[in-house]
Amino acid sequence: MLINLINPNTSGSMTDCIHQAAKSTSSPDTMFRACHPSEGVASIEGYLDELVAATGVIEQVLEGEKAGCQAHILACFGDPGLDAAREVANAPVIGIAEAAMHTASLLGHKFSIVTTLARTLPISEHLVHKYGMTAHCGGISAVDIAVLELHNPESDAYQRILTACQAAMNNEQADVIVLGCAGMADLTQRLQTALGIPVIDGVSTAVGMVEMLIRCGLATGKRHAYAPPLPKTYGGWQALC
Amino acid sequence: MLINLINPNTSGSMTDCIHQAAKSTSSPDTMFRACHPSEGVASIEGYLDELVAATGVIEQVLEGEKAGCQAHILACFGDPGLDAAREVANAPVIGIAEAAMHTASLLGHKFSIVTTLARTLPISEHLVHKYGMTAHCGGISAVDIAVLELHNPESDAYQRILTACQAAMNNEQADVIVLGCAGMADLTQRLQTALGIPVIDGVSTAVGMVEMLIRCGLATGKRHAYAPPLPKTYGGWQALC
Amino acid sequence: MLINLINPNTSGSMTDCIHQAAKSTSSPDTMFRACHPSEGVASIEGYLDELVAATGVIEQVLEGEKAGCQAHILACFGDPGLDAAREVANAPVIGIAEAAMHTASLLGHKFSIVTTLARTLPISEHLVHKYGMTAHCGGISAVDIAVLELHNPESDAYQRILTACQAAMNNEQADVIVLGCAGMADLTQRLQTALGIPVIDGVSTAVGMVEMLIRCGLATGKRHAYAPPLPKTYGGWQALC
Amino acid sequence: MLINLINPNTSGSMTDCIHQAAKSTSSPDTMFRACHPSEGVASIEGYLDELVAATGVIEQVLEGEKAGCQAHILACFGDPGLDAAREVANAPVIGIAEAAMHTASLLGHKFSIVTTLARTLPISEHLVHKYGMTAHCGGISAVDIAVLELHNPESDAYQRILTACQAAMNNEQADVIVLGCAGMADLTQRLQTALGIPVIDGVSTAVGMVEMLIRCGLATGKRHAYAPPLPKTYGGWQALC
Amino acid sequence: MLINLINPNTSGSMTDCIHQAAKSTSSPDTMFRACHPSEGVASIEGYLDELVAATGVIEQVLEGEKAGCQAHILACFGDPGLDAAREVANAPVIGIAEAAMHTASLLGHKFSIVTTLARTLPISEHLVHKYGMTAHCGGISAVDIAVLELHNPESDAYQRILTACQAAMNNEQADVIVLGCAGMADLTQRLQTALGIPVIDGVSTAVGMVEMLIRCGLATGKRHAYAPPLPKTYGGWQALC
Amino acid sequence: MLINLINPNTSGSMTDCIHQAAKSTSSPDTMFRACHPSEGVASIEGYLDELVAATGVIEQVLEGEKAGCQAHILACFGDPGLDAAREVANAPVIGIAEAAMHTASLLGHKFSIVTTLARTLPISEHLVHKYGMTAHCGGISAVDIAVLELHNPESDAYQRILTACQAAMNNEQADVIVLGCAGMADLTQRLQTALGIPVIDGVSTAVGMVEMLIRCGLATGKRHAYAPPLPKTYGGWQALC
């Protein structure tokens, strides 16, 4: 199985981190086309960043389709460009927020999301509603660390995330934690051990979900909302023509 | 008052039609910067089109801010790029779907939306939920006419829209009609006369709403979800740097 | 444009205050029929008060229709008698809670309402649901000042409202404030300056909204829920016969 | 037990019909103060009628309190004045729409409401939401018979109601029928026999519910939403002073 | 009237306590078949316990039907087996959580539930949604006392429940309290006197509700969801064959 | 990986069919403990059947835990006993309705469920709400074929299911079909080919989901709702003691 693993931002080190997370739990026969947009933004922390990233996601989805990928994963917790990606791709497409939240709902009564900057809370909140998780989500909180600071060895990222998870367990009745940023993937096991409840990274769960879709022969329904774009000229978007 | 009136597609004739609708109901002291993106797509009929159009919307919002516009109107019924536009602009931003639905809820018990192609129904449905109009919207239907066909004098667009509105009145208890495409603006009065219930065009209602905001000294709250983008490099998006 | 500006309580000084707020942001060509019921209650602080006020609202809506008003504004945050007013009037009718909440949803991710007495919180909560604003409203809080005390120069009304707004910003992620009483209209600008986020008074926003409706030629749909009352005798309600 | 049985309209024959329905299923020790407002409207078929009736309801609630009634029933399917009645009364207050819908939810998966005129459908729909019955209500339909025509022996009221109930069973999966007008109470048994599923009249179920409340020593919580009105002058409402 | 009063756990002393509560408020002509399953679990504090109890409930519903009972009450706040009981019984069936919540919604704006162990909070939360009470329920809290400890004279159960009720009044705007365990029934009056707002025990309210149903000639609609089980062999469930 | 594949009914041939579906899409290293309860009901078509089946599910979950299974699948579309199973098991537990609906939401805008008997529609409807799929589910319909008739070669099951799927595509805008019975698993590919949109069988999707959970090291959160049952005596349930 060849999976298109798209980091929607342009940070190569984050692409590596995501690739690492994906490989650590994938099936033996799964291979990844780990990639990121040729241009865009180095971290995604707001609506404009989501929009810029979404255009890069489409570029990489189209590249992945050409490369014969059997599924696409959008590895940013805002799932930027997900609907448009489903429209342009024949292979199925999953976002990591989507994968993480659906998985969380299988493992507990209430999950809480812990993410990076407070300014992105409305984006997560919107996805919670969109995916039908309003009643399953106990709360969303931010640790106020910028995405690219997560991997700064001198940051106290782990400790602040741990504290936020513990607060969610105490105040929001969380019995599952969802990590709200692809850049937190490498902390998953450590946090799960410390907290004693499931901690979910969207990357590895998305990998398992698309493996399932491929094995079951399932792809996006192309008959209605996700029918291929009508033939037209996309000015300035040569890749789409 | 100077209002930035953005047609998110690249069709100049539709920009003119939108400008006409805006001027027909605006205050005497209101002037418009009628514009469309420099590149993009000539009509917006799906998720990819929305994404492409949203990038053009941001370009024109930034241009409009430089030109001293006091408000921005996104004149496409999918409200493409609305959240990102609120983030980058200091002046308030309204989409025409938003304006039309809020207005409709002031005038009746149930409004029905009549739009162009069935493939865009999920986009309208999503906006109905996002704007809190789930209980006010009686239904959404499509007449299966492409956007650029609306103004083809040989099309039967008026008749098909009229029939769809009548069906909504009979089957969905609609007492208000919302026209689901900026390109239908010139049919508003004719339909209202024929149907005997209010028919709402998002362009003219959006004009009145931003005039109200400007007179009241109100603009987007920039403290939380819509705080300005963080300073960072937007590769390939020179306009944003 | 002639707008019927109805203060649903019988306090003349509050009628003046509402009239002042309305004039301060209206179009140059807008004139008001500022009025209040001939009998009723001097302040509206509960369900019974709402009911008594609603009967006075109908009286004044009918008077306004006779006077040729092109729209009616109900200037009490409980929007008393709104549905019945839409039924009896040909001109459109807007309540100030309705106007304020819809406007707030155009300007931020979450608005918070700050109102007078805690006993009226359920009334505001009901309107939040009715208008589809459940997901947009971060919270409703009361400062526990009676309506008629707001304008007592010896009260600490401004300070208590300011404190409640700041609490909403910190605890409810509010990026917009809605003032939950027509009697707070004169504090709007001062609060907005102090808080740095939009502060919405329902009176001035309602004025802009009805100006928009009038310019667009829109009025209540009279075909279904708001069809005129059936011809019948209203005992004790001579004005309605 | 003495129960204040309030017909909110001024039709004496309907008061008798309601009294009959109430007595037919009450406990042996229950007595009724059957009454209607001294002035008002002979039938309630719209928002204005609801408002006029609500003022009469308050008059009769206050009379009933003076007469020592231990509970109040509002015997009109719009439950006019219910919140204000709870505010002014010490004894508990129930509306027949409220009683009927809660009862229906105990007896089946989906109930359907069959009412008189289509213009009142939005009023019933609003109560369905207010009482939390959105998921339990399969639909609401009107037979287009005016309230006062129900008891005209030459009308085909029974047949049309029967047909509407059968349609609800077939199209809305109804396994319970709620009759949406106090004036239909005398048809309940006949319809139940003909349809083979429970048919609920709000009057008799409300009687049983208030008997339950009285036996359990339960009354309205007066601490928050339903605290007694503040002492103030109600101009034109002598009864309230 | 003969009512089947089923304690779903196997504790005889709790059956007596429930019987006492039922008799204290029932009609003079009401008699009870107070019972509990022949086997099962002595207290119900989790999903497995609910399941085990539900099987015992069916056993006792069938026994009660044979004994000529005219209604069945499930006297455990989780309402275990309610849907299956409605399917197997001809007489109507009510659970005490259902009875308590519906009654609470008639008496105030927001009720709060106070229950025993925190591990059962999700069960109550699920019932709140199922019964349509999401908007009426201000909160659910646990006092962390095991069911069988409630009647231990050395426990501080009353004091802890009182404290939890007071917290609900202050923090959740509760104007009605629902006791979330049949074993709390004997504390109802004492708590109501201390708190000054209605305190609802599901047992006595359920008794009044089934008396109402019986007097009105109402039973479960057996046409759709609750049609009798299809004839088949229930291995290991001799009572059902 | 060893997965406990539980057919909740006692039909051995259906267990074989489910086992076949599971093996057809599983990973090479996945093995199944295919089983069904020692006693119970041969098909599950109502609330009582669900309850009887749930007790057998717990028996088999406990057996599976002893046998070292790393996950449990409940292969009946009603997901009987799911919450109790999560409570008693350490390994994760998934129901096939849950797996199918979550998967469907990843592949289209609206899925429709096609199931066997109309009497089970409320059970599916309840699960749609419980899993947060209300906005994603376009409709649920029944073909009125008993479960055990599905595999009768003389039945017209395939044709009736195909017709129901086509109706859902036309009337409910379905772009994904969910098969609402484990016994339909062998028709999945044939239907998908005929319909041209994804057709989802819960068994194979559940297999992929639990493989994902196992690879990611995820299991049920045992801290709150799904904490292990308290130590107590389960009379008549020797397996639980």
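Order as written gives the chain letters A, B, C, D, E and F; numbering starts at 1 within each chain.
In the analysis below, a residue touches a chain if its C-beta (ideal position, glycine included) is under 8 Å from a C-beta of that chain, and two chains touch if they have at least 3 such contacts.
No experiment lies behind these values; they were computed from the predicted model shown.
The minimum number of touch steps separating chain B from chain E is 2. Chain copies chain B and chain F are related through a rotation whose angle, from the C-alpha fit, is 120° to the nearest 5.
With respect to chain C, maximal separation of chain centres occurs for F (centres as means of Cα atoms). Between chain A and chain B, the centres computed from C-alpha atoms are 30 Å apart. Per-chain Cα centroids separate chain D from chain E by 27 Å. Taking each chain's centre as the mean of its C-alpha atoms, chain D lies 44 Å from chain F.
Residues of chain C in contact with at least two other chains: 109, 121-122, 129, 135, 173, 224-226. Taken as a graph of touching chains, this assembly fits none of the simple shapes: it is neither a line, a ring, a star nor a complete graph.
Taken pair by pair, the chains that touch are A-B, A-C, A-E, A-F, B-C, B-D, B-F, C-D, C-E, D-E, D-F, E-F. Interface residues of chain A facing chain C in the complex, by the touch rule stated above, are 121-122, 129.
Residues of chain E touching chain C in their complex: 109, 135, 173. The touching residues of chain A, when paired with chain B in their complex, are 10, 38-43, 45-52, 54-55, 58, 81, 83-84, 86-88, 118-119, 121-122, 126, 129-130, 146, 224-227, 229-230, 232-237, 240.
Listed in rising order, the residues of chain C touching chain B in the complex are 25-27, 92, 94, 98, 102-103, 105-110, 131-136, 169, 173-176, 189, 192, 196-198, 200-201, 204-205, 207-209, 211-213, 215-226.
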